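Presented below are the structures under discussion, each in the form of structure tokens.
Here come two complexes built around chain A, the first alongside chain B, the second alongside chain C.
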Partner chain A sequence: MLDTSTQPTGPVTQVTGPNGPSRRRRRRDAKVAGQVPRHLRAHLTAYLMITPMVVLLGIFVIWPLVYAFYLSFFEMSFYKDAEFVGFDFYKFVLTDPEFYESLLVGLKLALMVVPTVLVLALLLASFLATLSKRVAAFMKTTVYVPAVVSSVVAAIIFVFIYQDEGFANWFIGLFGHGPVAWLNTATTALPAVAIPAIWLGFGVSTLIMLAGILDIPDSYFESAKLDGANFWQRTRYITIPSLRNVILFLLVSGLTLTIQEFQLPLVMTNGGPVNATNTPNLYIFNSFRDATPYATSYSLTAALLLFLVIGTISIVIFRVVSSEKSSDA
Partner chain B sequence: MNRSWYAPRRLLTYLLVAGIAVTALFPLAWMAISGFKSQTEVLRTPFQFFPDVWQLDNYRLILADPAFVRAMVITFAGAVIFTVASLAVNSMAAYAFARLEFAGKQLWWLVCITPMFVPAMAILLTSFVVVSKLGMLDTLAVLIIPGVAASAQMFFLRQFYLNMPAAVEEAALIDGATRWQIFLQIFVPQSLGPFVVVGIASFLGYWNSYVWPVLVVSNPDLTQIMQYLATFRSARGNEWGMLMAGSTLAALPTILLVLIFQRYIVNGVRLAGIK
Partner chain C sequence: MRQRRLRIVAATAAAALLVLAGCSSNSASSGSSGGNGGPAEITFWQSQFEPYQQKWFKTYVDKFNASQTDVKVKYQVVPGDTWQQKLKAAQAAGTQPDVATTNYGGIPAGVANGQFAELDGMLPDKAWSDIKSNVAGFVQVGGKHYAYPMLVEPSTVLYYRTDLVKAAGLDPSAPPKTWDELLTWAEKLTKGKVKGMTIASVAPDIGWSSWGLQYNACGHLPINDDWSAANAKDSCYTKLFELYQTLFQKGWMPQQPKVGYPDATPYGQGQVAMMANGSWAVGQLKQTFPAMIKNTAVAPFPSVDGDATKPTATLGGWTLTVDAKSKHKEAAAKFIDYLLAGDPAIMADFFRQSGFSKYTVRTSVDQALGSDPAATSDPFMKIITDKVVATGKAEPAYPFDVSLAFATAIESVMKGKADVPGATQKASDAIDRVIKQQRLKGTAPKG
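== the complex of A and B ==
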């Protein structure tokens, strides 16, 4: 504290007027050293409070991000110095069929997972809203429990369920269907990965929707009931329109998160069979681990391009959601 | 509404409640039950839900593996340190951004909130370069420190602090309390609810992490629990009983956490203010 009081830092001089700093410094010098004026001490406290956050994010997020952009303009090699190649890697990524193929896989996965989660969450939340307090509390915990299970454990459980003699084949056998090699068949592998993703994701969506439903005034539902509206009509004309923003938020955040999913396919299939479950991030992650520097630069660039798209979408959702809240109040 | 209509409806409700609960929890129950089956029973034809003989061997064997126990202990210790450090760093910044005015606040806010939009994959490789240049590879620190500052959690806590009434704070200032005293003695004690919510998120994030440990840790003494399970699966994938027992034990702390703090978590969704 003593040190900073004798050397005003940049931001401190910014707030004072053109003649301010010198006058203030004179006055402080005249005083007994060690006394920091109260208004400066408030700044100092604030800086001390944000310093750990700023330093950590700077070292472990912002610098790696800047560095990643920097590296994406160079071709690295074991044998010679890195060579500046401009936008070459961006061109490679954007003309690489495998990259688009992986995007398509990610998109397909998202289209399997997100609508299912939304419908499930809407139905469950509507049902939970009708329950008595005690039963509702039990159900809220129950649907939330799967959400805390790790992707690795979920992947292991479902690989077990998909074994030849496993639960999934027993279950379809009840309907007279023969056993399926779920994770080794190109057409079933992606849906088989989608199911644990749905299982991990539906709980949080349900709780968020429930919070939204509980905010809808009871009078809406009651007058609809008096008018003889059934459950589907109430859902169609009251619940869904009132939850428009919640649903939008869950839809877009669900899509961006699911497109980025890669831990489930990493543990369950490692992208196979024939790339059927090779999501964009899994494709990128496996190129990272590929020891050739070329693959490293390539995947780095692919990750950045993905980030630009997804980051933009996330910022837009964030804006929509926070502006909605302020207009709500 | 007459009674004859009411009673079957109630029964239907309870059947539905039971059905949903059983379906939602089935994968976990299936994992735990399979842990009690012997190697010959765990995958058998004809299919059978419950074992003929409930045996504890799988649980006993996995607990006798020092690598498993060490992974559980070291991951738990890491998760606790990580959670405490996260709460300290993020809540301090949240308080400053919610309650204090300082030069360049807008700029620092941008610096602290932008990382929320950066997906882990975009910086995975360069983060690895950074931690290896810092000589952090294969330490407990590399597992803990890089993730401690979390923009989303800071944002969540700041929302909470913005809504705290100003009167108490002003009274304390008049009484000559410093901002640190106000933060530590007024704001922190009132933050139990939000602290539990973000604390659980931190704990889960650390306990469940897999990709980062795989990249930065190769010392067997530091193997994290998810790393242990994934390695077990690739090396001894046919020992399903033991793998299920290990997965059950690895999932247990997170599930217990939810059960202990269920009240806060359910409220947390409302606190987050997404509506």
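== the complex of A and C ==
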């Protein structure tokens, strides 16, 4: 990202010679003076660079979002005129106990998945950082393989694992435990869905953490080792504080992505049993099922409210884990 | 520096063009105009069912296209689980199909939304008078026709393995008549890895497959007749909750079902000895598990108190509808007339292909099948027609949210998450909310 901290803010500093601004500069200033405002002149290139992206974002993201908010005040029909209903649908969604239950399920899932992934990724990345180049390259590829597996395929594989005669029940059968209906019992269904989510997610997180760890100057570790610090102390006092920004990024992105987890519960349990795995996106998807205009507008409003909820959670996390510039920038 | 800037801008513009091109490639061209002598092109979306249905549709769509030059039908199969989403997206883009499969339950809501074209006057009168009386009301709203029916299939029939029943010391010619007897049978038939029976166990499946049982237990659905209030706390529903609860918690049904209610695979593979399923399962067994047929018998699902005149199933089924915004309504109606209302031999072929697991809605097709030895000798057709279809009720027309609320109550009692009073209270509150928010009061179809 562009580090603008060293550039002057406000009017461009004039290049001054012994007689004030040079002649060439004065002539150019005279030509440009009436056209481009002073404070934009130096950033013109930067603005030109980002214009295409801003235009695309405006057309495909900002405008549909604004229009969606506008539509959420109507009961939409493709065959009749839309009927203005004001905040009715917001009221309907906010008074629906199932909406809050689904948010709770999403949060529970995120609490199960994200810390586990972070811890696993940190341990694995620390281990990978100690390996030789060739072994590390091989390990990095292996660790990344789950990330390229389609989540639908992973869901189906885990459904087979959790079946009555599947691997999971065979395994606990070795300890004399009777078969458990993993995906059909309210208490075990969500953890059962969390496991493939962890398996799919920790590859990317490990590589990102590894990149962060490799950024930490070796001198820190060496001097710590000289002072007699063991692995856990080095991790606690050097690695984790230096990885603060990385952890923040993984926390926020992990949380927002996991709350929106959709394919895994859809394929494995379709939100059951009794909404135990009904994540918010699945709840919205299922509320789209009826052919009535009500269902269309309801899903739209629920999706917009979910957007607001996740945005709020992200802001809260940013405040709590306050980010600061790395001390070695 | 300037060159580099130009190259960057050019590259970004190219990328933007690619994105735009990719985004617009999905817009299909909807029916082109028949205008100056070319055939009117209409799109026909069929909800995906068993493979023989797709084959049958394709055969007769091709025959229709070949038999005349006024109308050309573009046939498209759409999977059932993405049907709503695809249809709504097409409606938003203005590319919705001219003809689509619609189930009976979806007709009143579609008419209220202005989605279906009126078909009176576009199909000949004899097409309407040919429809059997128990189905005629299903395709009418306010006395006008909005769909042409294709078939009925009762939602709940009891299938059982005569060999396993005999081995358990029970009499295969005397299937259970009451729910208590059914539970006894399920207990006795649960041996080793084979479970006694399978029935719907997740709320979306229970939602529609239990309508017949709701009528059976209480004589009404969990909403009152003019849709002004919920009626889910009626004490007669307790036996219904207990039926599902006992089957699941005693382990007489699979604890982690692998497939949904409409799929007969567990029964076909011998994992369960009895199955509650719709009549379409006969077709699936004949096509995929023919070895099971000789050991299978069917019976109407038991009645709560043994009264065989009480309904146990709802008559689901499919129709073809014409979209209200279609630019070729007459052409679409012509296609429907040919396929569903025309030569009885076409529909008779359909029922033959289905293994007589679906049932007719036209008197002329009944006559065509009456002279077919394969139909008259089918072991299942007579029992289902006489004992299940005869007492079958129409599917409810209210939004599925109501059914889902009640089904969630059943599922939560079934899986031990709530007791009956708590679950029915929650369902009652949810149904009242649906009535209020979707303004259902007074919109129930009359008669």
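Operating definition for what follows: the second predicted complex is superposed on the first by the 234 of 329 C-alpha atoms of A that agree within 3 Å, B and C clash if a C-alpha of one lies under 4 Å from a C-alpha of the other, contacts with A are read in each partner's own complex, and residues count from 1 in each chain.
Methods note: contacts are C-beta pairs under 8 Å (C-beta built on N, C-alpha and C of every residue); 3 or more make two chains touch, one makes a residue touch a chain.
It should be emphasised that the depicted structure is a prediction, and the values quoted were computed from it without experimental measurement.
**Q** Now for A:82: first (chain B), second (chain C), both, or neither, which partner does it touch?
**A** Touch partners of A:82: none, neither chain B nor chain C.
**Q** Please name the chain, chain B or chain C, that touches the greater number of residues in chain A.
**A** B
**Q** Should A:139 be classified as contacting the first partner (chain B), the second (chain C), both, or neither?
**A** So A:139 only meets chain B here.
**Q** Determine, under the contact definition given at the top, whether A:290 touches first (chain B), second (chain C), both, or neither.
**A** Touch partner of A:290: chain C, not chain B.
**Q** Between chain B (first) and chain C (second), which does A:309 come into contact with in this model arrangement: first, second, both, or neither?
**A** neither
**Q** Examine A:49 and indicate which partner it touches, taking first as chain B and second as chain C; both and neither are also allowed.
**A** In the superposed model, A:49 contacts both chain B and chain C.
**Q** Thinking of the overlay built on chain A, is A:62 touched by chain B (first), by chain C (second), by both, or by neither?
**A** It touches chain B, and chain C stays clear.
**Q** Mind working out whether A:167 is in touch with chain B, chain C, both or neither, as first, second, both or neither?
**A** In the superposed model, A:167 contacts chain B only, not chain C.
**Q** Have a look at where A:240 lands relative to chain B and chain C in the superposition and call it first, second, both or neither.
**A** A:240: touches no partner chain.
**Q** With the two complexes superposed on chain A, say which partner A:94 touches: chain B (first), chain C (second), both, or neither.
**A** Neither partner.
**Q** In the superposed view, which residues of chain A touch chain B and also chain C?
**A** 45, 49, 52-53, 56, 60, 163-165, 288, 296
**Q** Quick check: in the complex, which residue numbers of chain B touch chain A?
**A** Those in contact with chain A are residues 13, 16-17, 20-21, 24-25, 27-28, 30-31, 34, 43-45, 47, 88-90, 92-93, 95-97, 100-105, 108, 111-112, 114-119, 121-127, 129-131, 145-149, 151, 154, 178-180, 183, 204, 207-208, 210-211, 226, 229-230, 233, 240, 243-244, 247, 250-251, 254-255, 257-259, 262, 265-266, 269-270, 273-275.
**Q** Which residues of chain A touch chain C in their complex?
**A** So the residues of chain A touching chain C come out as 45, 48-49, 52-53, 55-56, 60, 77-80, 88, 92, 95-96, 162-165, 179, 181-186, 270, 272-275, 288-296.
**Q** Once bound in the complex, which stretches of chain C touch chain A?
**A** Residues in contact with chain A: 5, 8-9, 12-13, 15-16, 19, 23, 84-85, 87-88, 91-92, 96, 106, 109-110, 113-115, 193, 201-204, 254-258, 324-325, 399-401, 408, 411-412, 415-417, 433, 437-438.
**Q** Over in the complex, which chain A residues touch chain B? Could you list them?
**A** Against chain B, the touching part of chain A is residues 11-12, 14-15, 42-43, 45-47, 49-50, 52-54, 56-65, 67-68, 71, 124, 127, 130-131, 135, 137-146, 148-154, 156-161, 163-167, 170, 173, 196, 199, 203-204, 207-208, 210-212, 215, 245-246, 249, 260, 262-263, 266-267, 281, 284-285, 288, 296, 299-300, 303-304, 306-307, 310-311, 314-315, 318, 321, 325, 328.
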